[in-house]
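These are the structures in question, set out in turn.
Shared chain: chain A. Partners: chain B in the first complex, chain C in the second.
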Partner chain A sequence: MNRHRVLFVALVLASVSVAPALRAQGTPVLGIADARAREAVEREIARAADRGLPTRSLIAKAQEGVTKRAAGERIRAAVASQARRLEQARDLLAPSPSEAELVAGADALAVGVPAPMLRQIRAAYPAGQSVAMPLDVLTELIARGVPATHALEQITDLMKRGASSAQIAGIGASVQSDIAAGLTPDAALEVRARGVMSLLPSPAAASALAPSGRRP
Partner chain B sequence: MSDSMQDPVISRVRETLRSESATRPDPVAVARTLQTVWAAPRPVWWRRALDAWRMPALSGLATSAVAAAALLVGFVTRGAVQTRDALDPVAAAGPATEEFPVQFASYEGEETARIATQFVFEHATAQSVSVVGDFNAWEADALPLTRLPNGLWTVTVPLPPGRHVYAYVIDGTLVVADPRAPKAGDADYGREGSVVMVFAR
Partner chain C sequence: MIRRAAALLLLLASAARMGGAQRLPEARMEVGYASVSQRGFDPEAAALLAVFWRQPATNWTFLTSGNLTYAQDSLAAAQGVAAFDFEWPASEHMRTEVGVAGASFSLRSAGRGGNGNAFLRQHFVGTSGGSWVGTGLGRTNRDGVVSSSGALDAGLWYRFGPAYVSASLARTTSADWPLLRASGVVRDPEDDRFELLDALATIELRRGPHDISLLFTGRNGLGGTNARFRALMGTATVQATERVAVLLAGGRQLADPLRGLPQADLVTVSARISLGPQPLPVMERSEIAQAQVIPMAGGGGELVVRVLANDTLFVQVAGDFSEWQPLPMERDGAFWVARVRLPPGKYRVAVAVNQGQWRAPRNLARVRDDYGGEAGLLVIP
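So, the complex of A and B:
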């Protein structure tokens, strides 16, 4: 292979390698027709990235606005709100929440879950064990009309007793169905939580397991 | 003096070349040559672009350095690039098609587990229906549903466990909630969606 060919291959390789990286350094291409609005949204996302927040959720929020044909300014405001919620969730779920936990926390705040409840959920599982699913279920229960304090109490009890993520998620889905079938939200949660509790070890046994950080 | 300098054949060739280089070029021959070159058809644009690309040859060391730099840049930046597949594992699985309307779940451990989740929507007159949600970054054309003869539309996609908000897009424009599922409020855009709780049973 002569030098020209080697050089050509090198240049092609370089351009193939660098182009996506450059595109990734800038904010992803958003389907917002208005150029000024798009730039404003991209600035919001870039600012969030500078603050160390995950950007996937913000990009999805912007794209949701595009799909729902929202005005550019409204999309920018929605992205800014989501960034604030992510940041708040990061503080509440400290010390090291995963991206899934941050998004679950931000969604909970968006639905109206009181902020201190995020801390209480975090405290109910050993450090390092994801609280994304319990947060999702708490969010769903409150969205369905279960009083927030009752929902938190039941979820944290289940977590402390060693209920798995799947068991907690099952409660969320069952309560949905029960409410659709006519039960009150409170009653639906009560009966479903009781059902799962009956499958779990006694509180004494659960507390003996807790220090080991048993994963669901 | 080396043997080659004493070789009579080489000596004759050298003398011939020296005598020809001393002679003046024939102007007629030069003109004819130039005319022939100008009369020749011009190469196509891509060929000219390739020709323009040619530059003074680099030394072997410089060429190797450029190639090494390109490889280094590619290696360093590979982790910085998020492909669409990385951003959106559901879309990466590919949309459903007529032949394969069901996308099966893959189970790769708790953190990456995906649960096969079926979406069903009824609309007799729609030309196209797709499902959008947080799981596919609300991309309107990422997950089209397959039309069944009875007016139902369906697709099954692998979703991560958790609470997912979604909606259907009819004919590429109209965004509607799922009438069969619990509603999800939308403080940001004011357009109600639906909720599905996904978990391993």
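So, the complex of A and C:
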């Protein structure tokens, strides 16, 4: 009896704590017209919150479905898929990825970036420095048709050479203009990555400037 | 008169083709069947054939159309229209439309002859609404008797979501008594001309490339006749494929003295076939949308999404930066434009026209969206 009461209180507390969390994030999930579907989506988000996953991108995913007039069940399935990807990204970007890194990782997986590449990116960058932007650029390049291994290689090289986030982020737009001008995605990335490399210190200097934890 | 109108039409068409070759033209053809009831006669089955061509250029658009309605001796009419629509360089909100039209007809109810008319309309186009004032002059030869007509009209329109509504008033004076008589009105022998006041209301709903519309007209005689008419005309367009649409229309068309057309009850079924490049009004693809980032000092940038679409279309832009709430768009020349300042990061963007499918702007990386559609991906440094 007592166990049941404890379980009941726990469920009430969980629902009370999740609901304001959704409202606090401007929960557009409530825009789902079908009450049953809305509750299913909210349950999905609550389950993700229980697993310690960030809920903002799940709410955004649900709102995207509302705007695109998707059926309630489809919205629930999309939210569940995003939650799975967030969980997978958390494992791949361990030990302590930020929310931005988790979302970047989940979006990379959604686009088809191979899971081991997330680990490689994490390993290539000093611990404590966000890999969100490099992951975002990797996602964009692969979505543009650059072969995954080439994209990863160029980005990790740039990261190792000390390229800033802004320099890496700028590559995506440059590659686009080169592709529009007629270059293959692969060649466009090669050209642009070399351009950024030429502005960076030599590999030896880069290692000297690298954070102490990574110095040879 | 008809020959002169046709020559002028051809001249305008050639000029438009030469001047507007850099922009995407639109051409379509319509074939169908109509049941036409002229007052006092049994319904007639008629064949319909129409062609339409629209040639946009930088600051103007040329439109021309021709149509043929044929039911042997009892009903045969051919009409042609050519119009220019100018955008004012000094003001993106102003547009001027000027055109000429000609017709030749043989109607059991309203005689044989021809008509030529010209019209001028000034439009004010806002973001969600607008207004217009216009005037027209027409001359009709009916069974050897020539008469002239003139009209003034003014109206307002507003668009919210997928709905478009308009209301207008038109005042017409004419000496084309046979036309009015064919609508059941007896002439007052004291008057040379009659005067009509029309109140028109339109409501149109669009979903993707499909639409349905209703046009109500209330007409009162102000001079020469005190006749009162009420008419309702409904049309529905279902886009069956990217190039073929099925059109259904039914209702009453009131006599139009300016163009010499008689009153008739119509039911039409037709197929509209788009020729050449895909026309904008049914365009759902992202080829008409482009996203650009203007870098800001200190990081981040202004995302500018431009959609090349007619100002009567309902265009939406949304993305994760707006929590997928559609952003308000402004008219800028021939484009719908949305601007939003964003910090560095990765963003997904999508565009929808007339509540059709959400698509990635053409110059962005395309990614699947978990909903069977797509979005554009960009990273702002």
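Simple rule for what comes next: the second predicted complex is superposed on the first by the 181 of 216 C-alpha atoms of A that agree within 3 Å, B and C clash if a C-alpha of one lies under 4 Å from a C-alpha of the other, contacts with A are read in each partner's own complex, and residues count from 1 in each chain.
Following the convention adopted for this analysis, contacts are C-beta pairs under 8 Å (C-beta built on N, C-alpha and C of every residue); 3 or more make two chains touch, one makes a residue touch a chain.
Nothing here was measured: the structure is a model prediction, and the numbers come from that model.
Engineer: Who touches more of chain A, chain B or chain C?
Structural biologist: B
Engineer: Return first, second, both or neither, reflecting whether A:32 touches chain B, chain C, both chains, or no partner chain.
Structural biologist: neither
Engineer: With both complexes overlaid on chain A, does A:124 touch chain B (first), chain C (second), both or neither?
Structural biologist: neither
Engineer: Residue by residue on chain A, keep only those touching chain B in one complex and chain C in the other, then list them.
Structural biologist: 59-61, 63-70, 74, 77-78, 81-82, 100, 104, 107, 110-111, 132-133, 136-137, 139-140, 143-144, 165-166, 169-170, 172-173, 176, 180.
Engineer: Enumerate the contact residues on chain C facing chain A in the complex.
Structural biologist: Residue positions touching the partner: 293, 299, 318, 320, 323-326, 344-346, 350, 355, 358, 363-373, 377-381.
Engineer: Help me check something: in the complex, which residues belonging to chain B touch chain A?
Structural biologist: 53-54, 57-60, 63-64, 66-67, 69-71, 73-74, 77-78, 80-83, 87, 110-111, 132, 134, 137-140, 160-163, 165, 169, 173, 175, 182, 184-185, 187-189, 191, 195, 197-201
Engineer: Mind pulling up the chain A residues that touch chain C in the complex?
Structural biologist: Going through chain A, the ones touching chain C are 26, 28, 59-61, 63-70, 74, 77-78, 81-82, 100, 104, 107, 110-111, 132-133, 136-137, 139-141, 143-144, 165-167, 169-170, 172-173, 176, 180.
Engineer: Quick one: which bits of chain A touch chain B in the complex? Just the residue numbers, please.
Structural biologist: So the residues of chain A touching chain B come out as 3-4, 6-11, 13-14, 16-18, 20-21, 23-25, 56-57, 59-61, 63-70, 74, 77-78, 81-82, 100, 103-104, 107, 110-111, 130, 132-133, 136-137, 139-140, 143-144, 165-166, 169-170, 172-173, 176, 179-180, 215-216.
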